[in-house]
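Below, chain A partners chain B and then partners chain C, in two separate complexes.
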Partner chain A sequence: MTDNTNTNSFQKQKNKEEMKKQLITFALMIGFTIVAFSIVATNAMDKMFAVPLLLILALIQVGFQFYYFMHMKDRGHEFPAMMIYGGVFAALLTIAALVAIVWW
Partner chain B sequence: MSHDHSLNPETMPQEPEKATLEGKNKFLGLWFFLGGETVLFASLFGTYLALRNSTAGGPSGQDIFGLELVFLMTMLLLTSSLTSVYAMYHMKNNDFKKMHLWLGITAFLGIGFLACEIYEFYHYITDFGFTFRSSAFGSAFYTLVGFHGGHVVFGLSWLIALMVRNAKRGLNLYNAPKYYTFSLYWHFIDVVWVFIFTVVYLMGKVG
Partner chain C sequence: MSIAAAQKKGFGAFLWDYLTTVDHKKIAHLYLIGGGFFFILGGLEAMFIRIQLIAPENDFISAGLYNEMFTMHGTTMIFLAAMPLLLGLMNAVMPLQIGARDVAFPFLNSLGFWLFMFGGILLNCSWFLGGAPDSGWTAYTPLSVESPTHGIDFYVLGLQISGAGTLIGGINFLVTIVTMRAPGMTYMRMPLFSWTTFVTSTLILFAFPALTVGLFLLMFDRMFGSAFFNVALGGNSVIWQHLFWIFGHPEVYILILPAFGVFSEVIPTFSKKRLFGYTAMVFATILIAFLGFMVWAHHMFTVGLGPVANAIFAIATMAIAVPTGIKIFNWLATMWGGSITINSAMLWALGFIPSFTIGGMTGVMLASAVADYQYHDSYFVVAHFHYVIVGGVVFGIFAGLHYWWPKMFGRILNEKLGKIGFWLFFIGFHLTFFIQHFLGLMGMPRRYWVFLEDQGLDTGNFISTIGTFLMAIAATIFLINIIYTAVKGEKPAGDPYDGRTLEWAIPSPPPYYNFKQLPLVRGLDPLWIEKMDGKGKMTPAEPLGDVHMPNGSILPFAMSLGFFVAGFGFIYQTDHQAWNLAIFVGMGIALGSMLIRSLKDDHGYHISKEELEREAD
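Showing the complex of A and B:
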């Protein structure tokens, strides 16, 4: 953290470019949301295709949220990534177990 | 404490939220907390998935869910996620007033989301007689969605407390981590909502 004093114009420009990326991310997330809702609203697809597709759209959107909005793509986010992936691992086990109990 | 860290645009570090040890610890601590929250919400989602067809003769998700309201709620929360990104952008440029303005918009959108959710529950209870005690599906639904709503209430209280407490302090290295950790928490609420609108409402409507 020695080289990071001064909000100079270079840094301001960098922040601006970063913000542009965030806006693109937001537009994509809105797009994915609209696609997901219209799949269901128009009954365009069979349940067998619709459900996995909805889940994939949700995963992509959450990825954007974590990596761009929450900055997990930036340097110095190894610990956050470890925490979230650890949480996701436990989450998948939990959901798999609870769903399996009922399905059995 | 806050006085020895006061900032002006010339002394502003690039990442004010992580410029002090305290800030770094808050940053790590909040991510640790979010990892735990992931597991907590997973158990609620797992319970919901297991019980969503146990309607005990009462209304099912397909009968009661309305996509229009859920779409509106999704847009409100997603936009509030973007406005808090804007707030953090202005924090990094050391523009305290604009940061507070965008946080205010975030709070406003959050309140809009909450109002929709309260209306939604009211509508289910009065028009369909669908309550927490109607069926296992009812209990699982209100626990999962209500718990998320509770997180929104907590997030809003956090945000308003932050804004009121720091209104006259301006931005400094002591409170920058506080704003930043709030924004992470708020994004996480949106992450959970993405799965709620997908798993509960959209998959519920598909059947």
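Showing the complex of A and C:
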């Protein structure tokens, strides 16, 4: 998508912003990881509270991964997005059913 | 395939060409040959089952062998016959329909076929090695965990290998359709067979992993002492049923949707009308696929999931009748007022509509969870799924074979033999399975080896078996037709049926590069649009230029052979440690081939512009 031979100032500006976003996401992800590890390591929270919190942190990280590092936020990624959500749907359905009917 | 290889003569060169081919048209031939072989095998197994049941307390085959017969009949027909035959049609036609020169990953296409073939052979080796699998094609635990022979091990490894092949094929088709449509071929201009190929591939992508997981769990329980399904050790045997049907229900849509696609091509062509309600057809296809993931527990109504779960799955199941009904009415409306030609392909399509509708109707009956307690595991279920799978899928395959035979092999199948074959099969099919509804309602359970005299089951079973013979004769006539056509059949022009879609815009059989210049698509039924505009052929979308082609490779064959050998190792390592050697050798071959593939650059070759210009149009 990026034309390397023809970098005008607009493109440069865009690349710069992109880089900024990448770095912010990267820092946030490292931050989340540190938070997650410290919650577990320090026993600071009750298990009932810690487990959902860890799951939420993990979900956000997956979102960052998909949308920023794997560029799903950019144009032309509608199709992969649809397929990924389709797969997530099928997997969640499986897990939900097994939890609800088999193990509950 | 390089040009030089194609021009070599002799059987050796011919064989080598097919072993190494990455051309989607030749892989289609391979799929049809492989699928056809297993179709005959599964048909013979069906014959044995029916002959055993021709009379009360018959002892044509022993009880144990009977269990192996019905298990292998189901497994073979679903995994090794119906699906490969459909994949063969998809391979042959879909790239042509969307105006592509090949699939996106020709190498993987070949790998997918060889994995399927070796998986199927591995599964069938069990007949000669101490007994085939014998716990039904669904392999329910704990029965399948307890089965004493190696049969189930062959089932697990065979399906694992061939399933990987199918998964590869599905991903390949997805990428092909997303990325390689000809200029102007938008999604809503794609022929319906390409659409169903696309949706089917999505189903393969999402459904097969559940089977893979289930098979791995079963493999570990049987071979490595785990206890996923062992209730005594804290496992749960119902998990297998869930995993199997989470795969298994989408699987039946994987089978039927391509058949729907075939009919959606055949009916408009021979009615001389565009498909009625194209948009509705596309969305009905997608809706069926979507709902298909939410209905698996209707196979398990009697397991004891509870009234709430049963009710939810019953309603979801009944909802599927809506998009399916839309399709049936659209086909009828396509024919309405059309100028209809009735030939073999069209006959199969016409026979399909009432047959499949009966199967759909019994499907809604079965969907009612309350009534299902009566039908469950009876011949009523057997009759239902044979009406949808034979009346839908097999009819679809025959229609597709008759319709695209000239495209694939350059000869038109004999019409007279085709029509005789259809009528014999149609009558035999209804004779075999219609009566089974009533056998089931009278209480005959499925998978029973014998039934007793004078319980009202004698005549019905006898009629059912006679019907099977008619279907066998019809299948034989089709084989004779193939041979007759190969020897004497008339050679068609590129477009013998006055077709509407892109595959008919090129010669039959197509040149190995398919399209000299990629065509410009101006709407739905692109060739028909050009015909109506008085042009009669496609406008090229690009100037004549070099065509980039992939090189053939023996590596897919070698990889699959490696997994095949390793499969034997896994199966027998429980008997003796020395069999671990087979695992190492097999995996060595497979992984070594992968390494070669990764390290050796293969950029393919180009057909030069001059060479293309020399070829006649």
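The definition used in the following text is that the second predicted complex is superposed on the first by the 92 of 104 C-alpha atoms of A that agree within 3 Å, B and C clash if a C-alpha of one lies under 4 Å from a C-alpha of the other, contacts with A are read in each partner's own complex, and residues count from 1 in each chain.
Methods note: a contact is a pair of C-beta atoms (placed from the backbone, for glycine too) under 8 Å apart; a residue touches a chain by one contact, two chains touch by 3 or more.
Keep in mind that what you see is a predicted model, and the values were worked out from it rather than measured.
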Partner chain in contact with A:76 - chain B first, chain C second, else both or neither = first
Using the superposition on chain A described above, determine whether A:51 touches chain B (first), chain C (second), both, or neither.
-> first
Between chain B (first) and chain C (second), which, if any, makes contact with A:102: first, second, both or neither?
-> both
Looking at the overlay, what does A:90 touch: chain B (first), chain C (second), both, or neither?
-> both
Give one of first, second, both or neither to describe whether A:24 is in contact with chain B, with chain C, with both, or with none.
-> neither
First (chain B), second (chain C), both or neither touched by A:35 = neither
Name the contact category of A:62: first (chain B only), second (chain C only), both, or neither.
-> first
Which partner reaches more residues of chain A, chain B or chain C?
-> B
Shared contact residues on chain A for chain B and chain C?
-> 79, 83, 86-87, 90, 94, 97-98, 101-102
Interface with chain A, chain B side, in the complex: residues 9-15, 18-19, 28, 31-32, 34-39, 41-43, 45-47, 49-51, 67, 71, 74-75, 78, 81-82, 85-86, 89, 92-94, 184, 187-188, 190-191, 194-195, 197-199, 202-203, 205-207
What part of chain C is in contact with chain A in the complex they form?
-> 174, 178, 202, 205-207, 210, 236, 238-239, 242-243, 246, 293-294, 297, 305-306, 309
Please name which positions on chain A make contact with chain C in the complex.
-> 79, 83, 86-87, 89-90, 93-94, 97-98, 100-103
Contact footprint of chain B on chain A as seen in their complex = 1, 4-7, 11-12, 15, 18-19, 22-23, 26, 29-30, 33, 36-37, 39-41, 47, 50-51, 54-55, 57-58, 61-62, 65-66, 69-70, 76, 79-80, 83-84, 86-88, 90-92, 94-95, 97-99, 101-102
